[in-house]
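Below are two complexes that have chain A in common, paired first with chain B and then with chain C.
Here is the complex of A and B:
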């Protein structure tokens, strides 16, 4: 029983991060119909921002070797600030890699390439500035929280609980905002039909910027949380999450917010269930799911089936 | 020019053509690096495990390379036939995501199967050619042959069917084109080409591992096509040659080179949404130099 509970907590805390990550993809996909391939790099950036803001020092490599901010913020303050930093970067990417293509009414698929170019630039800038080594955010950043607590016989790291709690709060807030606020409903209207939304007086460009900002914020927070619970394994560590996020995205249904959450939790749990002897194959779980879903139910678990337009 | 760089550029051009073939009938498939990796493993395993093909162990006969390429192409083609029939029911971004997943599944398999050498991969693959120039000559012949086939395709019924599906799949189906068959054919041809390229690359690089067929490679090869232009076969060839050379040519700027590479990938689609080579630009060049004039009208 305690083993099962342990598995459940491990799976859910990983899955919650996947969900945050996939939500960022979904927000942008729902308004533009393209996948933002720089999302993984923005996530990585969030991890680094968090590390620097809590007062972490840069290692021996890179142009900023041994640099350190003159202040050290507590983790609960550093995390949202890192989220805002990542959101700013996402807005910059929208301005440079997405908006020019939209203005020229170019093939939306081109944004796959231009956003990827933005990702390549960010990842290599990070490497240039702070080097390729891995950083970890010390759990002492959390203050006096105990390292682990026992729930029903299962040892649960408090970091995992925190991660789960923050993700759930963010997911609930986002859903409430999308359903309840004027901007949230505007965003939904643009994702339904941008032309009609514009006719109804909704600022489509503003909504697109909003989607990018939110997606960057969620990615940055997710990056900081992973940095705390595992580590920031060098500038490339977001890429793996970026690809798994695609699996989550398709499983839940492209453009579906509750779908992204459900997909994240399912894949997190499924990965936790892979036995240790087969751990090499763990990374394939998400893609296996993705394949099955695409073949059996292409609109995803919670997505809407679109009729083919003639 | 350095023959090693030339060989890399030629391999890049072949991979770009492999991405171009499905795109010619409107299908965005990113599966090329997956089949490239499989083709490389076929050549690497055969030439290190089968004594007859291994030659002296450090050098191997040319016929062995040709046989390995045949088998690599065959395996990739069969794989693509099975997978293509299923995934080509998907459209647009869904197909792109499914093929990314396919590449990742193949990568995880290559990393974990008992005979592929794990993370270190396969080493000391024997050399059919003594110099990089030998490789470049051989690869150039293959590239020219593939270019010739692609140019022929423009005239053939099959090529026109591909273009029709690209422009409007439903309308082509209603005109009696078996769209699924054409799409699967293009997918299989793309996989065979990637497999052949992988078999050459495994010998050329002397070692082979799972990292060679990753998501990064999917995107780089797609960038070749987008950068060069996807409307004529010349576009991917030019894109593959130029973009493979770029990081090497930028080596003098040191750490900045990958950042500049990223800038090029970012700015390319924004500045040239159609790619460098378009039928219009080609026609303008022909008007300028009437010697190379061709009677065909601009589509």
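Here is the complex of A and C:
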């Protein structure tokens, strides 16, 4: 029983981060029909923002070597602020890399490439400013919380539990907002059909900005949480999550919010189910699983099959 | 003869008379730009002319300055800078300064290979690098094919010098160093009975080193109770750790890169593991301290360098290191990178005396340098070293250190065990 619980905790805590990450992809994809490849870079930024806001100092490399903010915020405050910082960057990306192409009605493929370019620029800027070294959020950031707790015989790191809890809260809040608020329904309307939504008086551009802002916030919070749980392994640390997030997005169904959540949790659990002795092959197992699902359901678990347009 | 890409002028025919002419023109423009880039890259690279000494004696280095292995590259860069100052401060290569060009080899094979190619095309006499063994298996064959001597400052996997006659290393291989820390752990705690092993199964260094560790454990009568595999750049090890802890190990032996290993140590301790931890050469850098923080305290590691070695060569190195503003002791990677440039420079001095570099064709100078390199005996910060005819380093002294963290939990030192 405790083994099963351990497996569940292991899988869910990782899966929740994947879900949080994939939700950002999903929000933008649902309104623009394009994958925002700069999402991993915004996630990375969230980790760095959190580190700096809690009073972390820049290392010996980069233009800002040894720089430090004159204040140090508690982690609980730094995390949402890092989310807002990342949301601002996401809005800037929308303004510079997406909107000009959208206004010219360019092929969506071009927006995909321009977002990739924006991501590469952000990652390189991070490296230029704060160097390529790893940073970690001090283990004392959680105050007096014990390093790990035992639940039903399963050992779980407190930070993993926290990560799982915050992710679940954010996912629930987002779902409630999408279903229950005027803006949330507006966003869904734009994702269904932006032209009709505009005719109905919905500000499509505003909704797109909202999707980017929310997506950036979620990415920033996820980056800060992962930075706390493990470390910020340099400016490129979002790339691995970016690839996994893409897998989750496809598994859940492109543009489906519940699909992104389900996909993240399934991939996390699939990885945790790989026998520990073979866990070096967990990526192969999770992507193999994704491959099998797509063979049977090309639209993903909760995605809608698209009608053929003539 | 270097392999220079066969350059062709791109042909981008227009497509008049169709509605796609604009697109074709754009594609054509792109093709022309691409072609221009290729043409620009086609210049230079001949090794038949003399060595270009206008800017100094050209030596190249390819280090991991970005990506996960940058934690090693930064230490190595310091070592090269110190060696360069020392060599040029004492007359360079018989009066000509060494011109060291440093190229970022990233943390992957493709970046290291590109950086090697770029440096070779610049006409360097020798190369230092790349940082990771995994990269060396991809990049070294390029240098071997083109006859460029390589001195690896940090590749410890089995089989590196065997990649070819132009490949050598100053970093002793794992099979020599790794067993020392196992023996030491058992001396410190003879009651150890159950060892768990962790390694990254997609990394050449990790897989080579874990084989050595596992053999050393078996030789000591400790067959591992579990062997857990991870992947390079994995950061979350909850699954592997909880599975391993179920076996109740009292010794954990890990062969992981620094960031991954630092994270694993932190997670192991957070999940309640209290026993001894032995780590491999991948964690031989003070850059692990900010990652595993207070949990780094007590880990055991075998080293090829000790700041406490009292020899004239090490004293010069230590003096340079302290003068550069560093307060801590230099790490092994810095000392090894320093050594790599030192041995190349000493070999170049000898070569230049009997075959002056300014009148020797580049290809011949590279061959001569390799011969000199392997023939010499060097007094370095690592102690006296020389090479086997195959290019493997022969080093006399090795050490075992234990990490001691300062109360701030962010800084510490490798304390040499007596």
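The working rule: the second predicted complex is superposed on the first by the 306 of 310 C-alpha atoms of A that agree within 3 Å, B and C clash if a C-alpha of one lies under 4 Å from a C-alpha of the other, contacts with A are read in each partner's own complex, and residues count from 1 in each chain.
Going forward, a contact is a pair of C-beta atoms (placed from the backbone, for glycine too) under 8 Å apart; a residue touches a chain by one contact, two chains touch by 3 or more.
Keep in mind the model is a prediction, meaning the values are calculated, not measured.
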**Which of chain B and chain C A:13 touches, first, second, both or neither** = second
**Request:** Could you look at A:125 and tell me whether it touches chain B, chain C, both or neither (first, second, both, neither)?
**Result:** first
**Asked** Does the superposition put A:231 against chain B (first), chain C (second), both, or neither?
**Response** second
**Message:** Touch test for A:280: chain B only (first), chain C only (second), both, or neither?
**Reply:** both
**Message:** So in the superposed three-chain picture, is A:292 touching just chain B, just chain C, both, or none of them (first/second/both/neither)?
**Reply:** neither
**Request:** Based on the superposed arrangement, let me know which partner A:157 touches: chain B (first), chain C (second), both, or neither?
**Result:** second
**Request:** Return first, second, both or neither, reflecting whether A:37 touches chain B, chain C, both chains, or no partner chain.
**Result:** first
**Request:** Using the touch definition from the top, say if A:165 reaches chain B (first), chain C (second), both or neither.
**Result:** neither
**Complete:** Interface residues of chain A shared by chain B and chain C, listed 127, 280-281, 283
**Request:** Could you pull out which chain A residues touch chain B in their complex?
**Result:** 33-35, 37, 96-97, 100-101, 104, 106-107, 109-114, 116-121, 124-125, 127-128, 239, 243, 246-247, 249-250, 254, 280-281, 283-284, 287-288, 290-291, 294-295, 298, 308, 310
**Message:** So in the complex, the part of chain A that touches chain C is made up of which residues?
**Reply:** 6, 9-10, 13-14, 60-61, 127, 131-136, 138-140, 147-148, 154-160, 226, 229-231, 233-237, 240, 271-272, 274, 276-283
**Request:** Going by the contact rule at the top, pick out the chain C residues touching chain A in the complex.
**Result:** 65-68, 70-71, 74, 200-202, 226-231, 233, 235-236, 238-240, 242-245, 259, 262-263, 266-267, 269-272, 287, 290-291, 293-295, 409-410
**Message:** For a test of understanding, state which residues of chain B touch chain A in their complex under the given definition.
**Reply:** 28, 86-87, 89-90, 92-94, 96-98, 100-102, 104-105, 108-109, 111-112, 170, 215-216, 219, 222-223, 226, 255-256, 258-259, 261-270, 273
